[in-house]
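One chain, chain A, appears in both complexes that follow, with chain B as partner in the first and chain C in the second.
Presenting the complex of A and B:
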């Protein structure tokens, strides 16, 4: 046994490609499933959320403007870097979720494969969801899916990595950017994921990660005028309806997730579709 | 005009070996066919000796592919197949420079094309299809489409690595195993691809690569345990294969010749059109099945356009394929050079006006100076037959209807180009052109997401996109 004292990590927020502390100066203790102290996480505030939305908006033009092929390669790169951190994630998921190592291993492996699955979608979404429309007239009409913009994601409270990846990857695969409120009590794998994103050619601001109290921050995002869509997955039951009502103020697209969503199962396209607009173009045909 | 200093890419990067062997069941093995010597068409020197397959080697390759299909590949979840295919894409990117130099040595194409087109597009085909492997249910061919089995694939010499990628990537993504025969004159990059596949740890037998001449291709295509045949090459051979497969249950796709019309209207941006015409016919020495080999120009701008075209083509640099400044490299073989010469002579004999660039040509190797024929009529052989070389035939038209009629006056139907400022006319033309790909105000664009393939005698089946998966699925 070594007597060496390990260097403990400071877990911070991830906003605009940087790792700031909460502007509020607050933090909260994070424990493992048995209640043993693990680390302090930043307790994000309304101001942090607004900073994150502005970073996400700033990143949107660039990210949505990349070719689908390029986005696919960047996302695949994330999977490569995730694979390199596999052991770290297994340890963090095991302590965060209180599951045996073997179960944690399977959750992490599925999470990496899930990321690969979404990476492969970037240049196929338009072919599957788009169309050429046989309109009754001398026009060429076609419809293509486009990303809606900035998506506020309330990450699942239980599944700290697989669930988190299952809600982030479909948002950014199609070119959206996002602000994610992590699992309140299990936020540490999310911060480690942000370190992966920061070193995988994902431009700063495409994914912004905030730890803290979901019920405190979510209402600010739901009513924020520059947020285009809201994923309710990790919202506490007691405020879901209120969040939807706030979202109606700027006609946000709201994803009401399925009850007890099984993140281990192969997903369908619903999370991709949730954040897409359809644009139809008409052009006359004639000499 | 100023002189360019030579800017040659180093041939050492190609890691050329004196001997290459065929790849069967995960191993490089000696074939029992007569070994072939592959040459550098720019110098006529022998690059390497390559072992070839005999009929019994074809049989063992198909058997290996069948075993791999039955025992491993058809049972593997798509998400696992995907990760193998992603590995291949990444390794092609990593070894891109080596592959580009080797391709230019063996094929004769300019390094700027192998470096900027062939190799990156080959990688992107694997990358794209990797993503389909676990999403086949979304491709529009039914909820759970099944693979066909063993695919026998025969590819041409004009884009050796890229054609291998076009064939292998969708086959693997859909769950098939592969026996591929590269062209006799350009086997090297396919065998480096085999090396990559071995390094990617693909299960033995999933991909087998057997060099050889036409007889090997015929044995592969005719093998009773092959379920799917994919051929890219000449229309003559394509017809033979289609006939050979008649009465069998083998699924067939053919990507054959072309005689594409590149149509320029009087309102087209002329300088941009000239660049597109040059790219359309002189890209890859004109060894392109979808090359814009028939230029149809609206009569009112014909003289002006031809003058601009001559001026631009005069600046094309023909020579050492490894020189980064080279625009037009070597003709792939003596046989092809002879064919190009014969057809251009027929153009002169039939009364067309020949203009040939006065560029200097190297003393050794197979080279042909860029040539433009004007005053071409539809009956001439140079307007009807695929030359597959740096030779452009210019015809004129007066009305859009005439342009359509002339463009469609061919047994082929692979591609077409339209140059005009008017969007509605582009779409009107596109609707009427009997061709599988129509490029508007651009030419020779390829992307794994965009289906490619021909009408009529240019073949059937598509490669790329959602549509392209159908060729490798039992649907």
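Presenting the complex of A and C:
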């Protein structure tokens, strides 16, 4: 018998819970660290980004309106499905990042643990970041953290899974929805993550994943009037200043973390805090 | 049966009595369903960009019948709608005003008072909208009331039950009488194509409305699904084009319901240009019945001019 021919894949985008082709019809070859062909990925365009923003906006009311407890349950469920795809992730991280299997395994395990870590935060954010404020008057004044809205995330270029999860999980844990531009040259773990999200309980549109050229799509997200925050982690150094400038045009929250962030290190609350607004309520007090 | 205008002999013959009307309507050529759907889909793929798109957006805005037809309508809502009709995007003075504001008869006076001297018409639905299930006297009274209150355009519904059971004469008489009750007001005849089932019926109803003197033929009330679709609008545009060929008169078409995006609106404009002809690209001959479409048009207009995408936070909430 002849050797079996492997099925070469052409992946699609993940927008609004569906897997559409890029509006532009373009795709680009994805290679491993040594340059061997792995698969074709869709090359997203500005219109895909626009569609993704509308999908994220549509999903925002529902996702931010669920109870923190329920959001936590949904995120734990994602971790379960991630665990079920562990072998696939290890293989993809190993080929994408050119690391030995052992190292890839530890990266994937850390990534899943990271997801669980953020899942645990959902119902604790309000307790930690909220407060009841002492005021000089017969009022009960309290502050609660509210999600910012639609967040555009430029995922790290190097860390294809751990970095990706470290930037997505804190955004959605607090009730935001997001549009993610994946690592340009290492998109496969992100595509598999979109398959995980589609088959877990995360409502369509909460996470939208676009593969393609970061420098081509990012400016459209930075200037988009309906995007409320921008994570610059994966932005090329050459366009960072421009992105910040156009983000200022619509007063976005901008997270300026650097490309070389150490994602393996124990995280803190800073990424959760970056996409929260504080709402303070003054309530007249009786006796 | 009385023909409303002097018609060429073939058409005058058609409205002589009920049986000749039936013979005429059933003698109309059948609609090629696959063909019209394919042509509508094909014309929908035209790429309209940059300056042409901006022109199309401004044209579409000037063709909008800004509509609110809810049981929950209040005078305040109608006034805010009238304000929006005058200046759809207050931050951009270059935005054209819309063609008309479309409301229920009891809201006509509120809208008319706010729109005096603006050139924006007040349109009112009448004749027991949306079902049309009432007596002729009530329908006529409904129409007269709307016109007295200041409506310059009346959107009537036909009796679909009578049409579907083949009582064409009754539908014809009704339109003729309502047209008389309208006086100087323009009459738009709502066919409610979603209930007519076949394209052949849409073509017959279009001709029936044109023969009876409707100034506009309108697809739907917006209360029945499917509402306006491209193929149905194609069939109606063909009818007004043929009407012009035979009589020399220009009559209008108004798709209403379900047109929510700029992309959809531009597809309709392409259809108008290709099926009826460029002279129909005019707010006097083509209208969009819509409530949410205007905001999308405004957002797209901003996107074209600002060079970046806009969002719903930058236009007024309806």
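As a working rule, the second predicted complex is superposed on the first by the 275 of 287 C-alpha atoms of A that agree within 3 Å, B and C clash if a C-alpha of one lies under 4 Å from a C-alpha of the other, contacts with A are read in each partner's own complex, and residues count from 1 in each chain.
One rule holds in what follows: contacts are C-beta pairs under 8 Å (C-beta built on N, C-alpha and C of every residue); 3 or more make two chains touch, one makes a residue touch a chain.
Not measured: the values here are computed from a predicted model.
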Fit-or-clash call for chain B and chain C when the two complexes are aligned on chain A: fit
Partner chain(s) touched by A:226 [first = chain B, second = chain C, both, neither]: second
First, second, both or neither for A:127, with chain B first and chain C second: first
Larger contact residue set on chain A - chain B or chain C: B
Touching partner for A:50 - first (chain B), second (chain C), both, neither: second
Touching partner for A:246 - first (chain B), second (chain C), both, neither: second
Cα-centre angle that chain B and chain C span when viewed from chain A, reported as a multiple of 10 degrees: 100
Partner chain(s) touched by A:116 [first = chain B, second = chain C, both, neither]: first
After superposition on chain A, the shortest CA separation from chain B to chain C (Å): 27
Residues of chain A that lie at the interface with chain B and also at the interface with chain C: none
Residue ranges of chain B touching chain A (in the complex, touch as defined): 79, 82-83, 86, 124, 127-128, 130-135, 138-140, 400, 423-425, 427-428, 431, 448-449, 465-466
Residues of chain A defined as touching chain C within the complex: 50, 53, 57, 220, 223-227, 246, 249
Partner chain B, residues of chain A touching it in the complex: 68-69, 72-73, 76, 113, 116-117, 119-124, 126-128, 140, 266, 269, 283-287
Interfacial residue positions of chain C with respect to chain A in the complex: 302, 307-314
